[in-house]
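Shared chain: chain A. Partners: chain B in the first complex, chain C in the second.
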Partner chain A sequence: MSTLKKEVPKLIVMVFGILMILGSYTTIPIFDTLNAELTSWTMTISAVSVWLGAVYATYANYQLYMRNRKEGIEHLIYFVVPFLVFGLQFGAGILYGVESSQYLWYFAHIYTNIGAAVYAVMFFTLASSAYRTFIASSWDAFALLAGGLIYTLRQIPLFQAFIPGIVGAGEWIMLVPNVGGGRGAVIAAALGALALGIRTLMGKEATVTEGA
Partner chain B sequence: MSILRKLGKIDYRWLYITSLILTAIPLFVPIGLSVTLSEPVKDYYAAIQALPEDSVIAVSFGGSAALLDEQEAQFLATWKTIFSLGHKVIFYSTTEDGPMILRDHLGKKVIPEDYGYTYGVDYVELGFSPLGEPGQASFAANIRGVYQADSRGTPLDDLPMMIGFNNFENIDLLIYEYTSCTDIEWAIRQWTVPYQTKVIATTLGCCGPMAAPYYPSQIAGFLSGSGAGTELEVLSGNPGPGAAMSDSKSIGILPQLIFIAFGNIAYFANKFSKEDEQ
Partner chain C sequence: MIETGSWMDLIFLALMTILTNYYLKKAADGTLPNLRTIPAIAAIQEGVGKSIEENKPVHYAMGASGGQLYSTLVSMTLTSFAFLKYLSSLCARLGARLIVHMPYQTESLPMIEEMVREGYRVEGKEEEFRVEDLRYYGRGALTWTQGVTASYAQEGVGLNLSIGIFYSDCPISLEMAKIMGGLNVGGTGRWIMVYAFAMMCDYVFLGEEIYAAAAIVSQNPTMLAGIWVEELGKFFSIAMSIIGVILALVGLNIAPILGI
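Showing the complex of A and B:
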């Protein structure tokens, strides 16, 4: 059982990983074809994983509800409402088709507005957290505050009109220190990903079989 | 000193209510402040302008309905710019919301037929596919490997524009729309590096700093946030929703800035009073 759970996944990752590398770094046609075929598989896998995720989410929420059902109705609401919304959207899509005026009405007048409202609620969190934490309590915090403020002011037409030089300063922050720091971070992340990839291909990355 | 220290303990609800009021005012009384154009936006526009006549643009559309307020100005100004120049367009969506947004835009707000376009000849809409990075690679290498038919169910071979058209070789420019900040790397890894396809990008305001490291070498230009959408409206001469949003942002941000100043004043007042006591 242990071999099936631990060694087989490692073997699958190694075989497919090596095939993908050969497809990318050699000009042998068979590897090229395999590379293209395997790449298209990932879309099927990701589509299936959406349903798998829905099953897991349902099960997890059901367990949460069963654990907390004596504490009040809110847990029932958390469990039921997402399914009602999903059912409404899925049902409209199945019954009328996604091209139908009913489905488009639902999308334009309910789904879009709920999404925008949820996103807009973040404003309150961001505004109050900026008030609490955008404090120049150290040189690092001052750098963050100054960079953030200058870039923000550069984005706002009111300040572009009334603060001379704010546009140039904001552009400079975006395109000079930000680019330098960003490229450094990307290179570091790429090297980390390379090391992780090699460890995975060698079967030494424990997270591949985590939980087995 | 105690008044200064109290500035750090103001009820957040004052911040919320003043922001809401000030954001709403310009919607009723537009201010019409001028907009300064940024280099990434100018280069984004220049990349479309520089295309020869009858070029083909692929639009990888990852728009989200929830985030539409921040990006709609970018999208509408982009569609108007492309259609006014007469380039052919392939739209393909990488998010579930994508086809719905495009249907709304191309069906009601910027109708390609008004610019003399014919569906299937001058533009196609391929619909949604859960592409991700491997999907972008597949699309660039073999479009029919991902889409056998368009969003209306018409086989690609029955669309005049798609005959003999199956990969990056036929695409002159990729407009890459995304809302997850690191996804910009997908376009660079799967289009720019292997095929040297010219890429420009549209994204959220918060993702702009993560796109900047790739500009202008890997991505020729980018739009980040509603401000960039407003700039493109001004640059391309296509007014849209960005202008009203721009005024609201200008005034609505003021309470936020004042509260940040209050927070800092209170912090230093606290700090200095403690030092005095010692």
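Showing the complex of A and C:
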């Protein structure tokens, strides 16, 4: 990698990173202004780069269709339909405006419903994985099973009536070991992120400088 | 001049920076930390072998939102890049096909392509790199989930390595990979989603392990030296917690003194 290609991005990251830190930790107005300005730049970069996604998606589906024209017919659909939907949406937006029911029809009747249906699949995936997880094959797995059972059963009125202590036990599991363990994990993950962030600001993070 | 309540954070940041500088110098002299073996790292290689035997592709997913470059979760994006480069290099070396499910943050796509390309380049097999195996599914976690699971179903899955920023997209994608017969290896630094990885993965990186594992797979001295800093930070946090509890028990609240 050439020095220019390696050093310039490193310098940009360091300068802008330090500016962001100064904006967060000091009360000097200029850094607050710079912070807000730089944050707005990220939105511009994100909006400008949207076309890249379209290029990747289109190219992948086109190539996959060309590799196997007989069995890869769905890739032709993935290739054509997005442009069709984009054209229809664009036309509806121009003709009726972006607030019109014509423009919003696709979101209200197709996009949202498909999304909800996919989201509903999560119930089945969680159920099947919970079945595997709660097999008491070791003491650790047994502890998990016992904790999970107490926590779940405490929500059912029948068990609340027949096992009086189950609500308290479930709440204790939720509020004491769960919160304690969770906080420990969050602190550890934050330290990992902080160490990586400092390396990045110092221009020493290999993922940024050398591609790992 | 200094934001109220941020003194302690600033001091901690300064300390961590000094320590990082010190351990980077130590790493430059060739002194590196001794690290325990993380079983999930060995499982990645095993999964690539399994994919080759079954003639199925290796899948890499960094989460629908896994391309965040300017949020507080950027460290996870960079960590997933390190894994991506390692996996692409491994796949190129062993001859497995790698499919990368890209996040919807389009600004990170060039970096992802470069990571994969670099992995193939390192192994001298750049001509085997296929841009069409970098999949983009548009904006939103649910479109991403549909695309990823469709790919598992249509193309098969030998190994599914999922590392990065995951929200409600991972319970579906991980379990679908499992149902399709894939070996699931993964982890996230987002504690709230670790449960899904613990339940659905055959081998899991628990929370912060992804940072340590990224350093191990990269075998980069500066990244490895960073683990020392993390560990010292952990000991410092534990010591602070114990001292804080003891002082609270004797009726002394030090939080206002520290500006917390």
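The rule is short, and it goes like this: the second predicted complex is superposed on the first by the 140 of 212 C-alpha atoms of A that agree within 3 Å, B and C clash if a C-alpha of one lies under 4 Å from a C-alpha of the other, contacts with A are read in each partner's own complex, and residues count from 1 in each chain.
In this section, contacts are C-beta pairs under 8 Å (C-beta built on N, C-alpha and C of every residue); 3 or more make two chains touch, one makes a residue touch a chain.
Just so you know, these numbers come straight off a predicted model, no measurement behind them.
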item: A:85 touches, of chain B and chain C: first, second, both or neither?; value: neither
item: Which superposed partner A:36 touches (first chain B, second chain C, both, neither); value: first
item: First (chain B), second (chain C), both or neither touched by A:12; value: neither
item: Touched partner set for A:119, first chain B, second chain C, both or neither; value: both
item: Which of chain B and chain C A:171 touches, first, second, both or neither; value: first
item: Partner chain in contact with A:136 - chain B first, chain C second, else both or neither; value: first
item: First, second, both or neither for A:197, with chain B first and chain C second; value: second
item: Touching partner for A:108 - first (chain B), second (chain C), both, neither; value: first
item: Touched partner set for A:149, first chain B, second chain C, both or neither; value: first
item: Overlapping contact positions on chain A, where the chain C interface meets the chain B interface; value: 39, 42, 46, 50, 115, 118-119, 128, 130, 132, 182, 186
item: Contacting residues of chain A [partner chain B, same complex]; value: 36, 39-40, 42-43, 46-47, 50, 98-99, 104, 107-108, 111-112, 115-116, 118-120, 123-124, 127-128, 130-132, 134-137, 145, 149, 151-152, 155-161, 167, 171, 174-175, 178-179, 182-183, 186
item: Chain A to chain C touching residues, read off their complex; value: 21, 24-28, 39, 42, 45-46, 49-53, 56-57, 59-60, 62-64, 74, 82, 114-115, 118-119, 121-122, 125-126, 128-130, 132-133, 182, 185-189, 191-200, 202, 204-208, 210-212
item: Contact set on chain C toward chain A in their complex; value: 1-3, 6, 9-10, 13, 16-17, 20-21, 24, 69-70, 72-76, 78-79, 81-82, 85-86, 102, 104-107, 109-110, 114-115, 118, 130-140, 142-143, 145-146, 154, 168, 171-172, 174-176, 178-179, 189-191, 194, 196, 198-200, 206-208, 210-212, 214, 218, 220, 222-223, 226-227, 229-230, 233-234, 237
item: Complex contacts: residues of chain B adjacent to chain A; value: 12, 15-16, 19, 33-36, 38-39, 64-69, 99-100, 103-104, 129-132, 134-135, 137-138, 141-142, 145-146, 152, 185, 205, 208-210, 212-213, 215, 225, 227, 230, 246-247, 249-251, 253, 255-257, 259-260, 262-264, 267
